[in-house]
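Report on the following structure.
Labels run A, B, C and D following the written order; every chain starts at residue 1.
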Amino acid sequence: MAGEHCFLLLNEDKPREACGVFGIYAPGLDVARLTYYGLYALQHRGQESAGIAVGDGKCITCRKGMGLVSEFFTEEILSRLSGSVAIGHVRYSTAGESTVENAQPLTFHYQQGMISLAHNGNLTNCAELRRELAQSGAVFQTTADSELIVSLIARAGTGDLLEGIMEAMERIRGAYSLVLMTEKRLYGIRDPHGMRPLCLGRLDGGYLLASESCALDTIGAEFIRDVLPGEIVMIDENGITSLKPHQPQKRALCVFEFVYFARPDSVIDGLNVQTARLALGRELARECPLDGDLVIPVPDSGTTAALSYASERGLPFGEGLMKNRYVGRTFIRPSQEMRDLGVRLKLNPVRESLAGKRIIMIDDSIVRGTTSGKIIQMIREAGAKEVHMLVSSPAVTHGCYYGIDTSEKGELIAASHCLEEIREFIGADSLHYLSRKGLLAAMAPIPPDELCDACFSGNYPVDVPCSQA
Amino acid sequence: MAGEHCFLLLNEDKPREACGVFGIYAPGLDVARLTYYGLYALQHRGQESAGIAVGDGKCITCRKGMGLVSEFFTEEILSRLSGSVAIGHVRYSTAGESTVENAQPLTFHYQQGMISLAHNGNLTNCAELRRELAQSGAVFQTTADSELIVSLIARAGTGDLLEGIMEAMERIRGAYSLVLMTEKRLYGIRDPHGMRPLCLGRLDGGYLLASESCALDTIGAEFIRDVLPGEIVMIDENGITSLKPHQPQKRALCVFEFVYFARPDSVIDGLNVQTARLALGRELARECPLDGDLVIPVPDSGTTAALSYASERGLPFGEGLMKNRYVGRTFIRPSQEMRDLGVRLKLNPVRESLAGKRIIMIDDSIVRGTTSGKIIQMIREAGAKEVHMLVSSPAVTHGCYYGIDTSEKGELIAASHCLEEIREFIGADSLHYLSRKGLLAAMAPIPPDELCDACFSGNYPVDVPCSQA
Amino acid sequence: MAGEHCFLLLNEDKPREACGVFGIYAPGLDVARLTYYGLYALQHRGQESAGIAVGDGKCITCRKGMGLVSEFFTEEILSRLSGSVAIGHVRYSTAGESTVENAQPLTFHYQQGMISLAHNGNLTNCAELRRELAQSGAVFQTTADSELIVSLIARAGTGDLLEGIMEAMERIRGAYSLVLMTEKRLYGIRDPHGMRPLCLGRLDGGYLLASESCALDTIGAEFIRDVLPGEIVMIDENGITSLKPHQPQKRALCVFEFVYFARPDSVIDGLNVQTARLALGRELARECPLDGDLVIPVPDSGTTAALSYASERGLPFGEGLMKNRYVGRTFIRPSQEMRDLGVRLKLNPVRESLAGKRIIMIDDSIVRGTTSGKIIQMIREAGAKEVHMLVSSPAVTHGCYYGIDTSEKGELIAASHCLEEIREFIGADSLHYLSRKGLLAAMAPIPPDELCDACFSGNYPVDVPCSQA
Amino acid sequence: MAGEHCFLLLNEDKPREACGVFGIYAPGLDVARLTYYGLYALQHRGQESAGIAVGDGKCITCRKGMGLVSEFFTEEILSRLSGSVAIGHVRYSTAGESTVENAQPLTFHYQQGMISLAHNGNLTNCAELRRELAQSGAVFQTTADSELIVSLIARAGTGDLLEGIMEAMERIRGAYSLVLMTEKRLYGIRDPHGMRPLCLGRLDGGYLLASESCALDTIGAEFIRDVLPGEIVMIDENGITSLKPHQPQKRALCVFEFVYFARPDSVIDGLNVQTARLALGRELARECPLDGDLVIPVPDSGTTAALSYASERGLPFGEGLMKNRYVGRTFIRPSQEMRDLGVRLKLNPVRESLAGKRIIMIDDSIVRGTTSGKIIQMIREAGAKEVHMLVSSPAVTHGCYYGIDTSEKGELIAASHCLEEIREFIGADSLHYLSRKGLLAAMAPIPPDELCDACFSGNYPVDVPCSQA
């Protein structure tokens, strides 16, 4: 199926999270099946490929394929994955061809046995690392940065895997939340800035790691705490061992997790995502107190902020756009003549709610602006008198190098156009972004200087590759 | 794949619509592809199988398979379906094994050439019809009532298909919205009571038929009007010909289309579904003016009514439950020990929104009550102080014989339990249903006596099979 | 997969058997699995689709698909087919699109329950039957003649299936060996001329029917006897009941079964196929006592006759052409520039055996002559001094209407060209066919007037459709 | 599908060739498609997985999967593989799980770009190499020895691939015929003993490499010569460059290629395989001049020797056993009660040829003896008076460490049983093996000391791993 792409996802004018990771150490439980459900809860973080690796003390068996977790994994596959430790991964490719070779977990034989790794994030010094490793004779199956991490670990260690991990962490730069396993042991690692989330849970005497706490809830596990920036957590028959081998560094948790990526029912570094989004809507109401007849969200990403905006402003909230819930992975592209149907296949305006009204439409972000324009046009055709667009985050002016696919910088409409130009491009009667100040205020209790908002500000907490900055 | 069932769908404690139908006559357009998108918009009416038949003037080619429209149909399949007339069908089986043999459209050779049919609804006199046809030597590939209709048409006609259709309509009883085609002509037929919806549209000089108007919107077609109860619409190179061959009968449009099945952006017999649901919420607010800290819906079916209830009551509305959007068709069943995860795999409470609050939870209906009970338990575990459940329709006390799968009558909790027993069973602090009067009031402008509310009242507008009534 | 064709099979310049049938009544045995192995032994009679239907006393379950028996049927499918009676079918389509809809067994509900049928042969009056049935209102899923038989049976009977079968046999003309089953009973039927083979066997107290005795051998069953021309065999808990309801008619067993189709290890109506082929080679040696350095067969079909020819002539026999054994169903077509590779992909000459020699090459038949020409060219290029072609049957001058696909009459090279023209076309130094007299002599002990040799003689034992004769 | 095994192949009591390799450098030709046909001709060397890698000057694209070449590769896959250089591989796993991860070609990124490799043979010092590479930090995706070769090449080179190859050849021991490519260059390498075959051909200005010359014939290419033991052949826009960097070593071509593996139409190191097999039959006739009524082969492997034996002895040759040609990859295992059908599913005796006769049955080898025993029993049941078994090679007494799967040594019946015991085990009236002298005589013109006959003699030309010798 390589080469088939989901038209609607490609067309979706949103940044894309690259990955979700999950890990479990729980002798006696069906770790593969629990990983399946955990990944299913993290499916929003990547819909392109899914994989599960299981260790039974002697060997690691890994199965991965294209599509949703529930599309690739069958009862037959799952029932053959037995063991006491497992990791899993869902992925949206940020670069390169979309093939099963690039799916994770990546599983290798090394000096001490077997190792399997799942990575959420993006390294910033991979060109340099790759050059160096290749010069000493390393070969790679993929062009992915994740494979470099395994090579570094295998190379660094003089027998002890933990030592290898620590040495590798000295070398790699950028964003990484990792779950890693040997045949019998589970590791969780979060980069020193804590850019991507990773949390720790407990279930029936076993332990779990997950990108988001919603995965713990889904399988009935108990949330313990977030893995700390720079922390290595090792889990085996002796329980949890924590190491913090490195100098503390400036925290820089990705603020876009709260704006768009993470599930509203997750809690990341102490902040519930829905709580944050409700605060974004309230900040927006304070900054842009518009008058209108109806507040509507662009579903689903704008819904939470729209609810609090409407409530704060005392305006009615309505579902002005209905979203089709049944998009499959290989949705057929419309032919040229039907191309303008694009957005309509996914969103349909409810004429009865919109006609004759001054509409305030709220979305979480604008990337290229093309989708926003089509939606506004649909709303006008459905009879709306005015359409004002509010965005519950600042303008995206800079690309992300830490694991988010924000499109090429050249495609970011706000990178090269002023507010008035964007408003005209999308055809709104007015357009307002939340300020950076408002954004950060909504993130309380997380201090502003512990967040990465580089895509809005250009303040990159970790050096980005020269050629790309 | 026959025999694999989607655990979550099975577990979903909701009535199930059996089918959605679509038809198009449009020489010059890519009718197969437009049918694909039309079915995609009707996917909520049936997720088990999908099929498209295309006529090119000489022959009908039909392709159908298990799964979502976007799962079964590939570019390769679609590109081989060319012609000027097409019909399509999505199906959820109400009875019997779930196999591709039972998928529609049903396509046959008969005396005059080829005929293909897609059916939404359920006949009530099929045992009698089947016996009669079999006695005269007919053989059947399926046990479905839809196949009987084709046999009756083929048998009745003395050459003229229209005559065959009219004669068949004299014989069949029950609910049926049909799209039917020959190699070059399209027909739309709605039963004399108009129990299931069917509407007519226009696109670039061609004509369309669809179960719901949202399918017309999705492909950019214009809504013309609903097909009338008892009407036969014939579409070919001479445009639309309408026949009303039978005595007018009492209208009896299924009220559950508005309560739960149809998409909020559809308009059926003049009433927009979202408008109806908002009215249901307002009626509920009038009948049950509860006090509470937060109104939450059971997503997605309770959302619209919950919004208007909260607004009417002046109470805050919130998303207290997050729904996983990524359920595939062959989702793996949890093993016994994980069985109580059931609902949690699909819905996760947002602790931060619920803790310490008196929750008013609104759903559109209760069938068996098992899911409601699990949801309420989750909400309590998330810290809610009280949970009051409101239902935006009356108690479902009777089975449906007109194309809806409401579970066996024995499973309908309200068929054998009083309000207090149900409340106790689901563990709510209080439980309130909308009255039948409130339901019907919300359906204005459709007069109460033009609706079928048999599942709430037992007033069956068409005789049901003796053994089952 | 429809539309994909096996290049090599299409290119194979041979008549094609349409079908093989198998049936078993054996409570207590795994009838589905035994049918699987039985069909596997009959695979040479049809490689396009395969199907198995199983009756468990109450219901018939049928599974069929494209490809070889071992390609379509999996352990999962087989393990779900349980019962005490089963029939199976392998098919090569002689006409129409190659799709799963046309695969057999055909399974229907009729007045008395369910019925399933597998057919080897071809009716000659199907246009007339179809017209008549359609006029009385019958509808058909396929354009296949086999479906007509079921309709006739269902229509004829007034409750008793056997009566229906007898009445249907009065109406149908042409070649048919049928296995038919209800939920609990098995029937075997052979047309009054006995054109296609069908035999009866025994296994562990159960009974079997098969197109060829090799299927009985393969599953370890005992051969009882051939089903007689015009006989109906009914098998149930009372054992075997035989009926011969019709006037005896002239026997006309297809002689091509011995020349090419059937497996050498089968015995048909008392004659072992290998024995017959060895006799063909000996007759050929008597009629055409050529001199040469090496006798080679076109493998595999020419091998047996070549062995006896060489032995009879006292000449060395050798494998001058090696056949690739690994042709899959969807073998990729060579592109235009590689088109002349065609035959070479399947057959490769062994230079060391051929160089400098006068080659006598033996094949069982020539249909279009294109393949023979390419093979002779290859042999010359491999260094052969002379190439003489001998054919162990007469020239194919007439099409078959009884279930064999001999290509269109216009394509039969011997229908419009004399011996010398064919010799020149294929590029042989000399060309000799076996005489009709020699053919029939080799078939002893079957009397010449009990064989159908219409494809060689034009003497059709059953009237063929006017438009085609 | 991992885990499904072909029952018949597993049961086949024969040594198994591990692999076949193919390579082509031919700008302007459709190299992927030619590789497809080349692999198809080599399919007998491995039926478990197939793969093709194509280089277009900038990048290598590789596709591989389980099953036959014609099962995995579709028109869609092939049409996406374009370039000017390609390699391919068919494989039968000699160890480990049968999964797609172990399929070849193996493709890697390394310091200079990309590299892809296909390997036929087996290294004998891989444990040592693996340990050494792992200690310096290498990680491996597989447990296959082939992956070590790539690591060694990548590690050895200081920029020049050729240098890397030469250094790697210094380190590896055992049998290897390799085709290797970069994005734009093709390499062929044969181990210093020339244990496995590899030949060179020409087509339309391009060059080819193949395990056997039959692959060249199949695509219409011209045979140039064999690659020499220890030779490296480099092919690019400058044509062919040959290097022989190492000291000449004793030649040791696998004699089993002639006895069983290779196709009869191939020529290896100057000897045609069919010629060799005919000579084996003649030697057998000289050594064991039995009397009997009929000489029959165990098809297909015994056929050629049986023909020359019969001819030399002046005895009639016949096809006493018919082989089913339609074994698919996932053939369903017989259930326990049908287990003794095993051999019968594949071979069926022709009673008419065998009854009452003294049979001389010839096979190329006996490994475990179980199949031979079942065949002899079948022949007796078919009425044979006597069954004498002749084997056209010596008794297999030693395992192979050079790429052939001869079963565990413990399973080799001749490793632990004398002739009389084996005869009794298989139930033959007499049993005779060809002598080692006869074997080597038949291999003329290849001198005895240039052949490896370790499986017959235990004379291993390359040291084998201590633990296994």
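Rule of thumb we're sticking to: a residue touches a chain if its C-beta (ideal position, glycine included) is under 8 Å from a C-beta of that chain, and two chains touch if they have at least 3 such contacts.
According to UniProt, the chain labels map to these proteins: A, B, C, D = Amidophosphoribosyltransferase.
This structure is a prediction, so every number in the text was calculated from the model and none was measured.
Two chain pairs, A-B and B-C, are weighed by contacting C-beta pairs, with A-B ahead. Most remote chain with respect to subunit B, judged by CA-atom centres, is D. Centre-to-centre separation between subunit A and subunit C, using Cα means, comes to 60 Å.
Rounded to whole angstrom, the centroid-to-centroid distance between subunit B and subunit C, based on C-alpha atoms, equals 49 Å. Computed centre separation for the pair subunit A/subunit B is 35 angstrom, with centres defined by C-alpha atoms.
Multi-chain contact residues of subunit A (touching two or more other chains): none found.
A complete list of chain pairs in contact reads A-B, A-D, B-C, C-D. Across the complex, subunit B is touched by residues 3, 80, 107-111, 115, 134-143, 150-151, 154-156 of subunit C. Looking at the complex, you find that subunit A touches subunit B at residues 4, 30, 33-34, 36-37, 40-41, 43-44, 47, 68-71, 73-75, 78, 214, 217-220, 263-265, 267, 272, 274-275, 300, 303-304, 307, 311, 316-319, 322, 324-335, 337-338, 340-341, 344-345, 348-353.
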